[in-house]
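You will see two complexes here that share chain A, one where it goes with chain B and one where it goes with chain C.
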Partner chain A sequence: MNIRKLLLPLLLLLALPIHAEEACQPRGTGDLGIIIERETGSLQVVNTTQRKSLARLEGLGDLSHASAVFSRDARHAYIFGRDGGLTKVDVLCGKLVKRIMQGGNSIGGAISQDGSLIAVSNYEPGGVKIFSAEDLSLVADIPATPIAEGKNSKTVGLVDAPGQRFVFSLYDTGEIWLADLRQPDKPAIQKFTDIGVQPYDALITPDGRYYIAGLFGEDGLALLDLWHTDNKPQRILDHYGKGEEALPVYKMPHLEGWAVAGGRAFLPAVGHHEVLVADARDWQQQAKIKVHGQPVFVMARPDGRQLWVNFAFPDNDAIQVIDAETLQIIKTLKPGKGALHMEFTPRGEHVWVSVRDEDKVLVYDTETLEPLTELPVKKPSGIFFTSRAHQTGL
Partner chain B sequence: MNIRKLLLPLLLLLALPIHAEEACQPRGTGDLGIIIERETGSLQVVNTTQRKSLARLEGLGDLSHASAVFSRDARHAYIFGRDGGLTKVDVLCGKLVKRIMQGGNSIGGAISQDGSLIAVSNYEPGGVKIFSAEDLSLVADIPATPIAEGKNSKTVGLVDAPGQRFVFSLYDTGEIWLADLRQPDKPAIQKFTDIGVQPYDALITPDGRYYIAGLFGEDGLALLDLWHTDNKPQRILDHYGKGEEALPVYKMPHLEGWAVAGGRAFLPAVGHHEVLVADARDWQQQAKIKVHGQPVFVMARPDGRQLWVNFAFPDNDAIQVIDAETLQIIKTLKPGKGALHMEFTPRGEHVWVSVRDEDKVLVYDTETLEPLTELPVKKPSGIFFTSRAHQTGL
Partner chain C sequence: MKSLLTVTTVLLCMALPAKAETGAVADIPLSRQAEIRYLLKQDCGSCHGMQLTGGLGPALTAERLKPLPESLLTATILKGRAGTPMPPWETFLSEVEATWLAQQLRAGTALQEETP
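Coming up: the complex of A and B.
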């Protein structure tokens, strides 16, 4: 009897689960990330050590302006789609875990300090919903202030803050709300009213202390000190905004596009070809830097030595690198048309740049300022690395 | 013929690799860490989400004063033992990958910005050796300045800096060396001499800009600005040191025990029951905080809101928590005898505390300041979480 012939089918059968495991090997997740492909509702999982794509996932819905946060074990990404979709992706194994439609029109989300809760900000219906990070079940619903029959204010600028808190702004009613989720099913809300007209986006400083909301309806920004929530939000940078004699605004700068480096804040001047420099202690303006176009994102290399700036149409084929100390432009790069998103590796040696209109992502060496690698990606937009798991407000 | 009898040994054989795989499941590595067990040459692998121990590894040699760095994928730890041992541990699978004896008496190490190189600082023979992070093969040997026949200066205070550089100090000859490893086998060394008498330890600020060496032989510290390496190191905090009228120094404070929070530096006052506060812009002293004993580590909660301070013998059963803004002591905790090491979770909700003489690690909630979990650990010392993979100088 030929024992080999007898065993072959059995061996093949036994080989199957081993093969399945091979598709999801044990590996470190600290050097992984995702790139959003906005027009195809898909994303790529990438490895930042090998600088290559590991997997491609489809079926994530409308991903224009999509953003993502990561679980504290750096394995799962939570993707916030424009269509109200919330998708949990297993980045390690390259597969979709769960997808829910949680609202009609959403704009960003956040993960709680301890990683147990996912918050999503909604235009329609206006408010914030809180989900379990484990299974995406609804934990709490926080409707925003009513503005008409069956209609609540849009919520924007949602971020996480230390102490298991979330902070967000109410566009229609000019409020900032601070939600304490220490008892997840009973959110305690502190409301700050009259903070300014039409807050449209916000940021939290990397230490989680200051929440700053941009105002669409007037100049200046509203600053809430989370160490002193007995005080009302104060107005800062009174000349920041659409202003007089401004150029037409092609794209409102994202406030996540601010950078704080070396005790100074760098921010895009709305409607001007300028980056503003403010003292991060008293928020007084210190300088203006003339740049190539209307800045969208102003991002600091993680060591704070350089600022990388990209621009709105028609100048969105360029990126400028600024020395954070001398405030001089070191180099103007031309990655290609639609260079709209950048993400630094956690220790800053590389930056990944989405070049939307040329279906590619370029990886630059931040010291030589030369491209190292080009990856084919369909209409790439946001790039998010797993090291965000460990940072407040990202 | 009984086919089952024939197949059984084969099935068992085939089952082995499957079983081995089961011991090392795919999982995220962002919430893992290690705790050094100093007297038994062992360590425990822990999970900071579940707050439990996952594995225990032995055979790591002399681990007194051992420290660790992590690979950029947050999977492997490199452990620097006092006996010159360098051990690569697979934290994900809980196993020892490789162990070499690289020197006779070593004190700490670092990992390069890109994660490819491991540097180890040696007393004997005095100098720094550079190894491949992949297989621990020797890449470069940097002997320190000779001080006698066949003897070189001890090297201390080794850290990584942006730009694929390492910085370290020479104890016997009063130097700081800046090693550029962009060509790994041809280190380019810039030497700063006459920096002060007997530098004994050093730190690099979280942004990777300032390297600060403590001096054993005189008061004050030497500060090197890595953005301006044409300038000589300058002397700062001239009254910092053993000083006059000081108490006997029971334990030299580690300089990694400094904290920079909210634009201020907090440092242990050598030989005094005080924490010094300096302006992190000009390094001028601003205040002194009276504390329970001689401080060893002064650590900032990641959001900079609190400072946690532990103490040298005979006060090493206590930890004090200081408000970083008011500089008031909020609470004195008594975790137990030998409370010598602390590690914050990356977003600061918890801190893990080694209590050496009571064979336990306590996990505190940093908001309530109450202990949440107690883990049995044999003579615990350093605690290191994988999120360090993404931070310069850690």
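Coming up: the complex of A and C.
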């Protein structure tokens, strides 16, 4: 333990001092990405072709639960920090462009269809704020439904949708709001109420049609069809935990990594050691896959042939790979304690895995399922590659 | 399913250092205190924020917790809070350890590393 404590800073020193000038080359950014170092408020810019770190940036505040979106030219990343910080980073040149404190406590964000607006979802003050992607100036403020004196519902599951819209859910009041930003300073809001108890996160299908909010307070999910917004959200996978006792949840699942493969959708069950399988056309439950622990991320390899699943505390030392066709577990990997996040390379030949407690990121070959490269990263959490720039909802 | 759970529990007990079942708060060794601080920061932190300033769960700052009785905090840590996502931690923390953590939180010293 002591030796590890001594070795780590040395390893970091050896591996990291790469100057920003070296990163800022005339080149494309399609094989670049960022890795969040949650505890030190820093991030690394990485190259997924060379599988190496290009630069390290500091001073991004509290990055626990941080996430990022990319500009449509895939040059800039917008990072949403827990402390309400919104930071614009130049990925090409490995430098910080601008940083503002936009709220007291935020949970994530999205970039608009045309790339001009950044939306940030806040717990405090509860609501969504809209900023210019160019200079991070405030464009609009959308406070959520009040729940007490000076307090508004927390907002979660914020995504972009076609038609220059943003969609998000209200945790405390069980609502989904659809915000139309075609007139950026005058958001037109459509509200859907009584969608279910405690929506905790949401996703949008890659085609931008369905918005699905996971519910913590009950077994089921709420589905909004964005092609037919005159209809109320419908309940899907209702009572999926029927007859089973729910386990304590030590980490909320994430729905961001939409996993649809072979006409089926794969979703984490809350409070159960299960991945739920639904028909992606009629949303009827098809199966449940028993897994190692409570799933946090269920992510499909870009070709849809495999699903990679990580787990909540105390089972977060493992990752399971599932065959999307047979629904069988192919392999249980043990990358180390605190396997928090996974990100596939754009066409899926590799997956990068954060291993928080071992201060490293492992790159696996998704065919052999063997690790190829290990990078020293301090308490890594989210990994975000620039291929997200062109995907709705990411 | 049950047997799988049992196996998982057994494996867990092997992987995690045993929680201290008896003794006083003062008897919790520094190494165990460090483990609890790590758990607080990393795992409680995913809902309460790594700086404990809140997230999906409320802030755990001394300012907010001081007015609340220590016993209530200890019970919340051990048993969770029904109707909210706060789970019971009694599988991982003993009553003495939860009491120690409640004291640290109320004093605002929970995140401070103590050097041996």
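To be clear about the criterion, the second predicted complex is superposed on the first by the 364 of 394 C-alpha atoms of A that agree within 3 Å, B and C clash if a C-alpha of one lies under 4 Å from a C-alpha of the other, contacts with A are read in each partner's own complex, and residues count from 1 in each chain.
The rule we apply is simple: contacts are C-beta pairs under 8 Å (C-beta built on N, C-alpha and C of every residue); 3 or more make two chains touch, one makes a residue touch a chain.
Treat the numbers as computed from the prediction; the structure is a model and nothing was measured.
Q: First (chain B), second (chain C), both or neither: which does A:30 touch?
A: A:30: touches chain B, not chain C.
Q: Using the superposition on chain A described above, determine whether A:58 touches chain B (first), chain C (second), both, or neither.
A: After superposing on A, A:58 lies clear of both chain B and chain C.
Q: Under the stated touch criterion, which partner chain does A:238 make contact with: chain B (first), chain C (second), both, or neither?
A: Neither partner.
Q: In the overlaid three-chain picture, which partner chain does A:194 touch, first (chain B) or second (chain C), both, or neither?
A: In the superposition, A:194 contacts neither chain B nor chain C.
Q: I'd like to know which partner A:107 touches here: chain B for first, chain C for second, both or neither.
A: After superposition on chain A, A:107 lies in contact with chain C alone.
Q: Where does A:141 make contact in the superposed view: on chain B (first), on chain C (second), on both, or on neither?
A: neither
Q: Which partner, chain B or chain C, is in contact with more residues of chain A?
A: B
Q: Could you look at A:115 and tell me whether it touches chain B, chain C, both or neither (first, second, both, neither)?
A: First partner only.
Q: Looking at chain A, which of its residues have contacts with both chain B and chain C?
A: Shared contact residues on chain A (touching chain B in one complex, chain C in the other): none at all.
Q: Under the touch definition given earlier, write down the residues of chain C that touch chain A in their complex.
A: By the definition above, chain C touches chain A via 1, 4, 8, 12, 15-16, 41-43, 45-47, 49-51, 53-56, 80, 83, 85, 87-88, 92.
Q: Would you tell me which residues of chain B are touching chain A in their complex?
A: Residues of chain B touching chain A: 1, 3, 6-7, 10-11, 14, 17-18, 21, 24-32, 48-49, 70-76, 92-93, 113-115, 162-164, 207-209, 227, 261-263, 281, 302-305, 325, 346-349, 367, 386-387, 389-392.
Q: Which part of chain A faces chain C closely enough to touch in the complex?
A: 38-39, 62, 64-65, 82-83, 104-105, 107, 123-124, 154, 156, 171, 198, 200, 216-217, 244, 248-252, 273, 290, 293, 313-315, 317, 338, 356-357
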